[in-house]
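Should a chain be cited, it is by its letter among A, B, C and D, assigned in written order, with residues numbered from 1 in that chain.
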Amino acid sequence: MVRVQKEAFDAGAELNAFTQSHTDMGAVVTFSGHVRDHNHAETVSTLELEHYAGFTESEIRKIETEAHNRWSHIRTLIIHRFGTLKPGEPIVMVAVASAHRKAAFDAATFLMDYLKTDAPFWKKETRGDTAHWIEPRETDRIARQNW
Amino acid sequence: MVRVQKEAFDAGAELNAFTQSHTDMGAVVTFSGHVRDHNHAETVSTLELEHYAGFTESEIRKIETEAHNRWSHIRTLIIHRFGTLKPGEPIVMVAVASAHRKAAFDAATFLMDYLKTDAPFWKKETRGDTAHWIEPRETDRIARQNW
Amino acid sequence: MTKILFFGPLREVMGVKEFELDFETTPLLRSDIIARLAKGQSTIAEELGAASVRIIADNSIVADDFDLSASKEIAFLPPMSGG
Amino acid sequence: MTKILFFGPLREVMGVKEFELDFETTPLLRSDIIARLAKGQSTIAEELGAASVRIIADNSIVADDFDLSASKEIAFLPPMSGG
């Protein structure tokens, strides 16, 4: 299940609903990412997330499909926001349910590594009076490449 | 933070409270384990978790301390239940907050691998009319050993 | 008419999110579009031509030498930063 | 008096969770306690003596040759299964 949305979401409520819909699977791993309140010793005021409506959803669905190809018996949830976000707000959530914890941890890590480099989003962080585009990090490129 | 308790807990509410208390850290990874409703094609009716009061808490605190030694800037939460549980109920939850996702994923995996082999709990699963002790798995021993 | 889209830092470089253009040439390559858009401005030509910029034609990632003459929507995507 | 505790499958083997015993010997080794508890029953001696069973003396994991004569609470722990 992939959701790309402007609205905030409640990570805890999403986790509970996801868990309750997969009672045959004992292990659930989640990743949730939130707007940080500081960066480079400056206060962050907003994070703008730009996306490519339609294409972004279909690219994330491809990533999800690839995870299901690699781990055949998992269930997955991916929520990703766009728009203007404030510190503390949720940006992204990935949840993976599985019978065993290793597949759940591996697939959740995989999904996040791919989302970082292959999900069509562009982030602009405003710190103080200045807006900065968030450059993709070399460590993210390597993490993606190692799968 | 380590909690060993008989009472059920709300994994979603725990995730939200944990996230809100660490707004300086953008990445949160959780693992939650739940009583499965089937095992070996039989319906599970209850899971009994026996612990060694006092010793169990102190051993889990040692595991948590070791995680903080290995990843210096993380925050952690470990909740583990004992007593008689029904299918679908939460057994264990681990949450790790970090500035970056890799440390959060690694530390959460580490905590679960250690809890599996080093946390003083014994599990008895009732399937149909028969109770079975859950034997530690060889894969769990190896996962623990590889850290 | 072909719709051209720019995202993220490229949108700022171009000063516009999208516009429409008529291209008559066939085949129509990425380099042809860049030449028309840059109008001799080397900064724009370099930014749009960077190896890290991906071209999306009608919602599919395409290679640099893909013939874009039949594409209705062409997007220039700088490196992504999801998650 | 020394309190002896059993957990999990060992509790079922022993048929009791805990009991108290007087030990007069010094040093008091794991093997001495097992001999006294088993009273010649080989099953019990084997289960309590298994290499996978850990001995906890006053909340600390101790080695097989640890002198338990000063310990107030001794626990026999079969392999754990947390998480």
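To be clear about the criterion, a residue touches a chain if its C-beta (ideal position, glycine included) is under 8 Å from a C-beta of that chain, and two chains touch if they have at least 3 such contacts.
In this text the structure is predicted, and so the values were computed from the model without any measurement.
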{"item": "Smallest count of steps, each to a touching chain, taking chain C to chain D", "value": "3"}
{"item": "Chain centre separation (chain B, chain C; CA means) in Å", "value": "49"}
{"item": "Where chain A and chain B are represented by their mean Cα positions, the distance between them in whole Å", "value": "23"}
{"item": "Geometric centre distance via CA averages, chain D-chain B, whole Å", "value": "27"}
{"item": "Junction residues of chain D - those touching two or more other chains", "value": "83"}
{"item": "Touching two or more other chains - residue numbers and ranges from chain B", "value": "33, 101, 112"}
{"item": "Touching pairs among all chains present in the structure", "value": "A-B, A-C, B-D"}
{"item": "Contact footprint of chain D on chain B as seen in their complex", "value": "33, 50, 52, 54-55, 58, 60, 80, 91-92, 112, 115-124, 133-136"}
{"item": "Chain D residues within the chain B interface of the complex", "value": "5, 7-9, 11, 56, 59, 75, 77-83"}
{"item": "Chain A contact footprint on chain B (complex, rising order)", "value": "10-16, 19-20, 23-38, 87-88, 99, 101-102, 104-105, 108-109, 112, 139, 143"}
